[in-house]
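Each chain gets a letter, A, B, C and D, in the order it is written, and its residues are counted from 1.
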């Protein structure tokens, strides 16, 4: 297994897609060296976007999390979140009426900004169901799992409507050794129990990459060969980038440790084009 | 599809295994006519047992639920619960130390009666993990799903130990149109997230039928051909009975409505030997 | 459930995406009335494309199957096959060397036209493995399942390389009551046995819809709201179209019979915007 | 991870259950030292049985494979095969008529010895289906996968009947680095395609252990604590033994190499009571 120096690779491309968590930041905050790395890309006129499976906050808030750490390079227009795909779906396919959501009030932004009314699953009355157009699973916080997972299941048994999942991740790290269960895992459970087919947005699905590609093309003329996807997770970032037809770079600053990298790549059959220690080293 | 009269079938056997919910009782209580049916079996010297995927209460309490409705025929020794198999496993394989449980204090009975100490997941301190011997998933009540499902996952990431699931059902009915999510569904989610293999007890697993068979044999000399399994669920009662090699009877007083029975049997390929409207009609 | 007349719906759109099998044709040949329907679309200046999960033949050959039945309206440039996505992937990500394939010689076209060399799995020598760049699962014919499924598995155990699946369908109809097992089902089996993550192309994946969208945009200026997806299968055509954000129309001339349509829509939670008996009636 | 000497462990038990492949033999033949080990067990009056997921041959033939290598200690009555459970099911639940089978003529023994007629899937005429009582998946050889897997699927679409799988293994080794696809993997594929629930026999299912326990009890008075299961596979031998409530011993002469043992045990959560290099070293 050959390790490359990130900047040696990056300078060959016109556009970089970065995963956020494990690549640019972790539970402690933004990694040292990220600002310098982004400045080098700017200097070489290389565009970049952050592709994140996150529907808990609006793009403005996601950018603000970087700005707060002094990374003003990552502006709102550089954020591509799975929530934005859910928003796009709601806008084109639902377009009026009320959507039930599981998540925080912040996450409901993605529904409201599509011109739709929202109701939290907490406030749904199963004995007097309104005319709901869809259910959106947005975030693991903001509702009572004991009561509201069951309530969602019973709502689906009473009324047939599309269910959209705006973050397909099953867990997310909260410290060096701990994880939280994410809404993607709750979605998987509910889908089996309800025996319905849910609609999922987020990496590795190609819709996410295509949406980012559209953003890149709006800025400048680029083809698939001009883009590099950089991520720490084989099952989302790397396989998704590979399938979309762009080059991929695995970094070892997140999910996968250097000593395990070769073993995990062989075990999964998901092969990145490059491997780097991090985007800053 | 030919419907049989239950007693015409039952009288050909020496032992009847009854599922509980949907067969002898539902959310409203014990069905009318069950007492008379059991008395007829008694008169003809036919033994019977109740096989239930329930680990929320001790056998005494499960029997008491029938006695409360005037069904004194169902005594504690006639109850075969999946919790009893979990108890047997803990007794033979763990036999000392402390077991972490998810469930009510009532459900912890199955661990304590195996001579083991218990600690609720609520009381586990992840920063100071004790010497736990196993985790037992017993009941969907008695803990905070938001906090404690995540805590269970992180406990499993820190310490390798067997996880036993004492009720494999994914949901259970709470009214004519509503269900609750059962501990079996939470176990399925946790097993995927932790990437471990859990140990499951309950129908359709043959261990449950074998345990009931041992009880039957203790009472009288019987072979597989002398036993009839009666249930309302193809995926637990009927396939489990078929695989164990005993005759099976589907009743239409629970999960499956008469108009759908033929379609569901064809769709699943799970074929009961008999179909009856109920055990009392 | 309200049935619409297809042409009443179609005339509201600028572009129609048609599934092929069960919509325009079946095992007997092209449906009567398809030619007239396409002529009406032409007259109203409505573009159309055929989206098919088929990698067994080149687009030219797929178009020829329609032409042979007198449907000259469907030209090669109107065919969007899952094989074309596989081709695009091979071109952008592999771009030189030899690819092992499972399928007929016809299906290997999709690899060769990407400038790559091919070797049939039949001709691979496990004791002397060449420098293969990928394995492509293209078609269920053209190899010996007994020998070559096992050979593929052992090849993957010896050499780590991407595996692409150019048709995700599990079965396809061969007569009114019979089906064939398709390469998608063999891919599912091999993926589990090899414990690798394969790369799949074809509906319902949004990449297929996006590729067709690119073709449509090249012809004329259209947005998502100008496009209708027409299909007979909820799990590929309808859910795929819905997720991509375009309107969807289920036709009852293929997989789903009129009497079951409402039940199947409720059971799956996959809800088309319109339902029509067929595209020609 | 502490390694034990096998005989130090074995002498504490009254009965040993051995897996066959990877424990007593491999693709080269019976391991050196097995005869001496069995003689030592005989000397100490310790009973033993071979539990094997094999339905390709009658118990007599399975014993003969050992005898041929000079191991006369393993007599027919010491063989417990998953085929014997399939036989028991057919005898108690089907008991007359014709059963369709996939496998060699040798494997059909398990059906014929239950007093049933057999027909190979090869000889079934889909246009003129006989009155078949069940389908038995016995062995990966003896039929044409291209033609007969599809034929089995279409047979199941035309006629509802139980499908039994007499060997649940997905693969089996044929040399140091190669495996064959076993009938269990074909069963998994067919079950998904047919959307039916098949009936599976073999480790880790407790019915296999219970059947062996019955044989042990017939020889001498033993309880669960007197029995040790010895195997090289965590997912069948060890989890199955653990769940059945008996002690388990992992040997490193087959599937799992010494350097990986700890990692695999942690990754799966399947924990043997003992680990030994082999049964003879």
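General observations
Keep in mind that, in the parts below, a residue touches a chain if its C-beta (ideal position, glycine included) is under 8 Å from a C-beta of that chain, and two chains touch if they have at least 3 such contacts.
Bear in mind the structure is a predicted one, so any value in this text is a computation, not a measurement.
Seen from the C-alpha centroid of chain C, the farthest chain centroid is that of B. Separating the CA-averaged centres of chain C and chain D is a span of 40 Å. The mean-CA centres of chain B and chain C are about 45 angstrom from one another, to the nearest whole unit. Centre to centre, using the average C-alpha position, chain A and chain C are separated by 28 Å.
Not a single residue in chain D touches at least two other chains. Looking at which chains touch one another, you get A-B, A-C, B-D, C-D. By the touch rule above, chain B contacts chain D in their complex via residues 88-89, 92-93, 156, 160-163, 194-199, 205-207, 210, 224-225, 234-235, 239, 242-246, 265-271. Taken in their complex, chain C has these residues touching chain D: 126, 144-146, 149-150, 153-154, 157-158, 170-171, 177-181, 185-186, 188-189, 192-193.
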